[in-house]
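Chains here go by letter, A, B and C, matching the order in which they are written, and residues are numbered from 1 within each.
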């Protein structure tokens, strides 16, 4: 019994880690710009597909290009990192095309919502055009060298879940360390706290914004690659679901709070994992039911700051 | 090509746009419309296929009176749900409210997906038709839109409508001027839900099948795009936005696979090109002045 | 039996996290008087207004309206009781016209039902006419008549201030709280304001409570004043009494300001 519980908890933590990655992606942009980048789910999908492609995986594009693949195949870790990096660059593109024009005119926050949705739609449909709507399973060589499962404390855990957890943890730790310790990280935090003062201190807040978008996209792309290898890529819309759940985690943990995003992600993942198999259809609703309940009790999320309105 | 079927779909888009507009007119960013749309549609689908008293025929036809009844019931059920949920949800501000309503949409979607009598992923099909062809739906759809438009137009010159606008401008000040902001916001929310529910009932019959995918998050944000790109200052904006943006993917069919990419581009670039939407406050003002002049000018 | 004061605050206390904004402040405002509230920056004057008008809830203490407790009631309930206020930073409905700003405040004078409005019934039109009439009267009274159709957000500063007052008046209050009504006005405008306030008190049978930085203005205008410093009431009395109070002098001199 303990083994089953351990297995469940680890699975939950692994998927929670992915949720946390997405939520952190939202957090980075939100803390600097104050708006939510609704294209993040699409970037998640993009990361998954890029990782797959970089590993040499064949695509078929609705029968258009049967069996086409890149002439080389990178080992999974490299493909994952490169895929994430490329997704980060794509995210920069979203910033240039969608957000920058609005920022120049001081647009109201609602417009960013629409434009980032548009960007997400463009991305997802481009993916669909180029890759087709069918699902892709990562090449079996992805995890070559890793045993199928490991035995931890008597429980058999799929090693890919451990990998997921490890990578997420590493990413989260790296991000947190970077934000706290490095110059550019602290500069980003400064801009998030108070953009005007940061600028007066000589920090280039535009550059920080772009950095935020880059990292945000990379995190989402990382998540997509991880989900791709651990489950599969059911289609270009895979990221939308994770994007939504990530949004729920973002608000659950408190908008703009990094520890909140991490804690919220884990909480969400564990709660979902604990849903018994018979009710698995309801699992998707659980995240939102939890969010709903939390918002009603604590309108600013678990660790969010109360918004004080100046009268 | 814009055939009757597309026209009905465009009208449905316009109706849903107005539904999203109503809470926004009171300053509330609620994306709950798809949830109420789904509720209304599911009710109509269930009633018409499982309640013989409504008179569904073996050949798939359906009495007009029963259809209209379902429009009423769909709106009513959605309204009751909105009343129950609204009180809780409208305490939230800004983005939190938006996300809470997104959560509501997802919960309703999953509930409809998993409930035993709603047909699961396939949904309910073979929904009987009150009209033999699509053109029959034009009248009820236009009627519903006219009703919604009339209510919106009246609101502009009523205390309730002014209260909504006041809350949209500054909720705290509105409260200090004696407006029960919770009640006004709830009213807007319920009106929005009733409209969405009735529209759902209409759509269920029109589409002949109904499943959980009818009410989902991406439809929510698309409907918001109707309002923002159409113009959020008046109900005419979401009508125009709904009509155009629903027609667009169909009109782009000749382009082929890339049409949805183009559609996405329109939504991506729209806010930069039309930050106030198509029906801008300036345009409204000019239309208003034209109307006044027409009243004053002697009729030939 | 003597009438209870129109408004009374008893040991009103307000904590924001670790900060004590108000510490057991008490005083009463009598019907018909002009009551001033002064004190250095950060003394807690606006916080006090926020507590009285229901915008914030106190940590401790009570607010009484004609002897009955109203602590914690929401702003709209307080307004319906007869309490109206203006805001230091002006919170006009910028996207609405000047006239509409007033019509919003005149919602309940008289009320008309939603159904009547939807059906454009006679009762609705009658009520609308009355509301419009009252609105125009107020606009004339506050020299805003020629700006009726202008969007509030486009008005000049002085006009915005007057609109803010007109809107609060439109709710038909007995007690009007004015938060820094003279801010940004030049001396002649300040004089006009004084005359206006006195005229309004008489014409609308108002009791007024005014926060002001420009102390000489309040000295001329007020029947009584209270002085706050660091959230504590350090003086209460007629302007003459307050002017001579040593604690008040110290509070103002101590912060580098001129003695009142």
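Convention: a residue touches a chain if its C-beta (ideal position, glycine included) is under 8 Å from a C-beta of that chain, and two chains touch if they have at least 3 such contacts.
These numbers were taken from a predicted model, which means no experiment stands behind them.
Set against the C-alpha centre of chain B, every other chain centre is closer than that of C.
Across every pairing of chains, the maximum count of C-beta contacts belongs to A-B. Measuring from the average of all protein CA coordinates, the nearest chain centre is that of B. Remark: chain A and chain C have CA centroids separated by 50 Å (rounded to whole angstrom). Per-chain Cα centroids separate chain A from chain B by 31 Å. Chain centres here are Cα averages; for chain B and chain C they lie 41 Å apart. Shown for chain B are the residues that touch two or more other chains, namely 172. Across the assembly, chain C contributes 55, 87 as residues in contact with two or more other chains.
Touching of two or more other chains is recorded for residues 311 of chain A. Put simply, chain B touches chain C in their complex at residues 151, 154-155, 157-163, 165-166, 168-170, 172-181, 187. Note for the complex: chain C touches chain B at residues 53-55, 74-76, 79-80, 84-85, 87, 91-96, 100, 103-105, 107-108, 111-112, 114, 117-118, 120, 124, 128, 167-168, 170-171. Put simply, chain B touches chain A in their complex at residues 29, 88-89, 91-93, 95-96, 99-100, 102-104, 106-107, 109-111, 113-114, 172, 217-218, 221-222, 224-225, 228-229, 232, 257-258, 260-261, 263-272, 275. If you check the complex, the residues on chain A that touch chain B are 36, 38, 97-98, 101-102, 105, 107, 109-115, 117-126, 128-129, 240, 244, 247-248, 251, 255, 281-282, 284-285, 287-289, 291-292, 295-296, 299-300, 307, 309, 311.
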